[in-house]
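So that you can tell them apart, the chains are marked A, B, C and D in the order they are listed, and the count of residues begins at 1 in each.
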Amino acid sequence: MKLSFRDVSKTFRSLRGAVPAVRGVDFSVEDGELFVLLGPSGCGKSTILNLAAGLERPTSGEIRFDGEIVASLEGRVFVPPGERNVAMVFQGYALYPHLNVRENIAFPLRVAGEAREEIDRSVVRTASMLGIEDLLRSRPSELSGGQRQRVAIARALVRKPRLFLLDEPLSNLDAALRTATRAELRRLQRSLEVTTLYVTHDQTEAMTLGDRIALLRDGRILQTGTPRDLYEKPQTPFAASFIGPYTMNLLKTDLEEEGGVCSIRIGTERLPLPPDRASGARLLGSRKILFGIRPEHARAHPDSPDPGLRGIVTAVEHLGRETLVTADLGGASLRAIAGEGTLKEGDVARIAIPVDSIHVFPD
Amino acid sequence: MGEDRSFRDLLRGYSFIAPLVAILLAFVFVPVVGTCIDSLYREVTFLPRAFIGLGNYQSLASDPGFRQSLRFTVLFVLASVPLELVLGLSFALLLHRPSPARGALRACVLIPWAVPAAVSGKVFELICNFQYGLANYLVQRIGLTDGPVNWLGSTGGAFFALVAGDVWKTAPFVAILFLAGLSAIPEDLYRQAAVDRAGPVQRFARITLPLLRPVFVVALLFRTIDALRVFDLVFVLTRGGPGGSTTSLSLYGYDAFTGGDFGYGSAVSVVLFLIAFTLSVAYVRIGRFGRELS
Amino acid sequence: MNGERRIGMLHLAGAVAMTIFCLGPIVYMALTAMSHRPDFLAPGAGFAFTAAHFLEVLRTESLHFPEYFRNSLVVSGFSAAFSVSVAAPAAYAVTRLAIPGRVAVLFAVLAVSMFPQVSLVSYLFKLMSAMGWINTYAALVLPYTAWILPLSLWILTSYFSRVPRDIDRAALVDGCGPLEALWKVIVPVAAPGIFSTALLAFIFAFNELLFALMLTTDHRARTIPAGIALFEGLHGETPWGAVMAAATLTVVPVVALTLVFQRRIIQGLTRGAVKE
Amino acid sequence: MRSRAFSLALCAVSAFLACVAATPPSRAGTVTFAVGGAPAEFAYWERVVRKFEGKTGIRVELLRQPTDTGLRRQGLTVPLQARISSPDVFLMDVAWLAQFAASGWLEPLSPHLGKEGCAGKEAFFLRMIDTVDTYEGGVVALPVYVDGGLLYYRKDLLGKYGLPGPPRTWDELLRYSETVQRGERRSRPGFYAFAWQGAQYEGLVCDFLEFAGPTGGFRVENGEVTVDTPQNRKALRFMRDLIGKYGVSPPNTYTEMREEEVRSFFQEGYALFERNWPYAWPLHEGRDSPVRGKTGIAALPGWSQGEGAACLGGWHAGISRFSDAKPESVKFLCYLTSYETQRDLALHLGWNPGRRDVYAAPELLAKNPHLPALRAVFENARPRPLLPYYSRLSEILQRHLSAALAGTSTPEEALSAAGREMQAVVTRYR
């Protein structure tokens, strides 16, 4: 099923006045695609999920399932959640505490009024798919976080929904379980080929799970694209710093031009720009620009005459596979992965910056 | 479900509340309004109903019987409510302390609250009986007085018996309120105080009391309004007591109704209603209950 | 460290005193009910067990005690059931459906619970007389239901607001309508709360006296508190043995409820009056 | 979903209707007769009712009321104000008959008097029928039994202390009481010479009127109340001193002493004199009564000889205007006031019949020699003021009398305060 949002907004009215949660959002999710809504808390991603589920009504704009309008205030159309055949996994799993696992999974089928044996077969099939067939008689309160999460997923998938909605399903799990479940969830979604809308604030989840990602902030979509697009071509400083294992270095710099060669000044150091980056910078039209480089792309070496930026090491962090070095370049600090040779605080370090991984943004 | 603007949803929302509002309107609001209107009429069984405006209220003002019951009711509130709060607090402290018998203790403390006031009224009437009541037995056994005390015979004795009966029944209820307040105080505050080597008294004064203030205010107002409208205990234990000296406002109104003077009784109950209503508005605002709902 | 031991002793003494304070009158009531002479405390009188008073109270047809007992159970039962079944949807609407004015409804209802009964009873009397309902169960059940509605709504509201919002959203997504969600998920989940509320409603209705005195005039609908308040033995002078026997029988159901459901009742009471 | 909401509403309504219908109905054509709770009274009425059912086949149900007159009155005013058919026939204290009549609650009886088995007016005490039982020209109630305050005394104790006979004045009563009490206290510490009704209820007003005598009491003429009179003050001071100063009456006189408490106090031998209604006589003469054969009856003393005043009490029967079994009720009322029933009433309960002719019944004279003397008392016993709002005035008087006895106010303060309050009530009900 194809899901599409066209200029959808949602404003909550409460005693303290109107709070716009979603402002004119446009996106669409292809059939079987896993589309991630990524953004900090309060950016409206959960509201969009609720709008898709029909738990909230849009204040303006249209929501379509396979081209057919399911929610539009102007068009006076609203299909209630129960009739949209969507399935949802809530952050707190929302299992029915008064029912055991079997009854929890069977609940949507019983409400739909399916035949007894049919329900039992589907429940057992879905339970075994998630490896929880031996928990059917226990109560939610007796299960671990991971088990409860699997029951929630089973309850969602048992009735083969045309749209699968997940609201930060992994956030309550501990780190180890999270990575394992992430992989399994991906495999499950691929095998069922169900259109999925996945909400998270964790950029690692977004990068590993999403076919495509929409980055949100203050109710608006900043950028949509494949994980690679967002990583390599962030269109805004916010996108740049939000995506990636480490926060991107963003330094205020000045653009200087001498004889057709553009270069940028960082603190006391100067860095010549290659032609394509230079033209991009020139387009920005202002002298002050933001220079961005991901720590994992830069390398910090002990001082040597080779080209690169010079800085005094202020901190060395050993993170297992990599060591992260923070150096002060006359006022602005920059983080990079340590290259060969050891560096300790106070040393002078040479930071090599591969020219093709430079990003430039207007200040 | 979040904000539902469509008319049908509002209708469904209000249809959920409609039965409650309907019943409250029919059996609480309408009667109160009706009583207020009746209080403006001379309505006696042996005379035609006639509008006399504030006639009933003027008679009330000059009626020593009404003044006596007003005085009694206020004195009763001033005597029983503080006593209930102090006793209730000490019970709560006893109940809050972890001990093997805590469950049983809590159950037995609840019993007085669960017993109907009419029944406890009769029991206290027996306790205060002049010839063979328990009170006289204990009082003489301890040697406080030489002969039997005529409890229900004197205004003071009857007043004391009523306060005792009311405190016996509601101190446990107040204890439950304080218990809730106590269990809401985070444990680590006490652990922190213990680290600062604060003794039990300081812990009580600096942590328990201040944090119980909101519960204290709620219990105080809740009990004051309840004690103002006392009827069951007074009707059964002293039936208005010697010389009508322990007739509560509610009983005074009731006697007027059954005596066949609805207008006068309505006027008495309107006065009581106004006192209780102003206090309850204070109760609702001070209680600040709406906080976590909106 | 004798400070702590001293506190321990103090607590023990306090607990014993509290138990005597609370149970003393009840024990004295039961003893008088079982003693052949009401003045068993007087010197030389002595205590001799007898069940005569209980038999007299239950058997004497003119005392109508069994009928009062039945009326009390029926009236309190109906009132508790009605008030809870009316308060539950209202509590659901107040906590779940964001309809405007819901907080105002709550405040108004709480203020209502503060009204003195005497300012309602005379008009109710005229209303019930006009409807011809005096001496029927309706004369008590309806005012009692209205009287305990504010408390029921208040306790249920605090219980419902503790049921996580996601649960009924899950029910909606799973295909239920709002009423179905209330019936199939919210009510079962909040069942302990609903039970506490019904318990408290029952006890409040069981204790009421003023309405019973004015709105019923004979044994066909009159409840126990009114029966006991007007209790007169066959010998004119108050026969304390029989009165205490009637009192003891009356206390049995409420004490039983309290002992068995003590935790539920305490939860209900604290929810009803205090916000954690 | 629509059907579910509808079914919910349906079951709520049906539950409610069930609860209305569930109340046990009262069978039509049955007469409900409300009676008091004095000891042998209830058993006697059951016999009368069985006999009546035997003779007429009409079913009569007895509704037992508490003995406290205030509670009995409320037990009747509430159903009557609610226009409820039950009770059909009820006994009214002579004090509140005026209110019941003026409120239009009583079925007119004049058309039935003297026809098919009903006694005519002349069978009763005429002065009483015309003043107490008549409202706007029609008879609305019939006296079932008549009461007047009497003095019971212990013949043996008077003999033991060489006292000639029952006291004729209050001073004589006081002297006798003090001498006998001093003697008896040695063997019985709880002995108090004179027991009378002092609790705060209608009975206290009756006792007060008797202490005040024929010239005392209170009157209401064209809107003016007179109660604060020297005679009343003297009486009230005397009542208070009997308890306080002289200590010849028990301390709980003004808290617990009502008819039954006084009777058992005297019957257990704790007292020399007792003021009570005639009903106490057969109980004092009962098989296991400690004062059997030692009790005498006399007219109440006065401030001077022969000036005693018996407070007219007694209970009159009337039929509710809202009764749904009026023909049967009339038959029952006439049976109640028939010669046989009235005679049995005097025989079994020792109550004085409302019919004058029964006083000459031979079998009664044998059992109760002083009956003719009683009849004379009733011929001119003084009724309390006949006012529809009498009970309001009486409540005020009760409160102040009780306050005076309890010492919370002096007799003078009590009577003047009572006068002011009663005047306010009278002006309000003009």
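Simple rule for what comes next: contacts are C-beta pairs under 8 Å (C-beta built on N, C-alpha and C of every residue); 3 or more make two chains touch, one makes a residue touch a chain.
For clarity, every value in this text was computed on a predicted model and none was experimentally measured.
A.B. asks: Going only through chains that touch each other, how many steps at minimum separate chain A from chain D?
C.D. replies: Contact-graph shortest path, chain A to chain D, evaluates to 2.
A.B. asks: Looking at every pair of chains, which has the largest contact count?
C.D. replies: B-C
A.B. asks: Let me spell it out: compute each chain's centre from its C-alpha atoms, then which one is farthest from chain C's centre?
C.D. replies: Centre of mass proxy via C-alpha means gives A as farthest from chain C.
A.B. asks: Chain with the smallest distance from its CA centroid to the overall CA centroid?
C.D. replies: C
A.B. asks: How many Å are there between the centre of chain B and the centre of chain D, using C-alpha atoms for each centre?
C.D. replies: Computed from C-alpha means, the inter-chain centre distance equals 37 Å.
A.B. asks: Measuring centre to centre with CA averages, how many angstrom lie between chain B and chain C?
C.D. replies: Inter-chain centre distance comes to 15 Å.
A.B. asks: Please compute the C-alpha centroid of chain A, do the same for chain C, then give the distance between them in whole Å.
C.D. replies: Here the centre of chain C sits 55 Å away from the centre of chain A.
A.B. asks: Could you grab the centroid distance between chain C and chain D? Build each centroid from C-alpha atoms only and quote it in angstrom.
C.D. replies: About 38 Å separates the centre of chain C from that of chain D.
A.B. asks: Where in chain D do residues touch at least two different other chains?
C.D. replies: 5, 12, 74, 78, 81
A.B. asks: Do you know which chain C residues sit against two or more other chains?
C.D. replies: 98, 125, 169, 172, 177, 180, 213-214, 231
A.B. asks: Please output the residue numbers of chain A that touch at least 2 other chains, ranges allowed.
C.D. replies: 14, 50, 55
A.B. asks: Show which residues of chain D lie in contact with chain C when the two form their complex.
C.D. replies: 1, 4-5, 12, 15-16, 19-20, 22-24, 26, 32, 37-39, 42, 62-68, 71, 74-75, 78-79, 81-84, 86-87, 258-261, 264
A.B. asks: Can you name the residues of chain C that touch chain A in the complex?
C.D. replies: 98, 164, 166-167, 169-177, 180, 184-185, 188-189, 191
A.B. asks: Going by the contact rule set out above, which residues of chain C touch chain D in the complex?
C.D. replies: For this pair, the touching residues of chain C are 62-63, 74, 78, 81-82, 85, 125, 128-129, 133-138, 141, 177, 179-180, 183, 213-214, 217-218, 220-221, 230-237.
A.B. asks: State the interface residues of chain D toward chain B in the complex, per the touch definition above.
C.D. replies: Contact set of chain D toward chain B: 5, 12, 73-74, 77-78, 80-81, 99, 102-105, 200, 251-252, 254-256, 388-389, 391-392, 395-396, 398-400, 402-403, 406, 408-409, 417, 420-421, 424, 428-429.
A.B. asks: Under the touch definition given earlier, write down the residues of chain B that touch chain D in their complex.
C.D. replies: 15, 19, 42, 44-47, 55, 59, 62-65, 130, 150, 152-155, 240, 242-245, 255, 258-261
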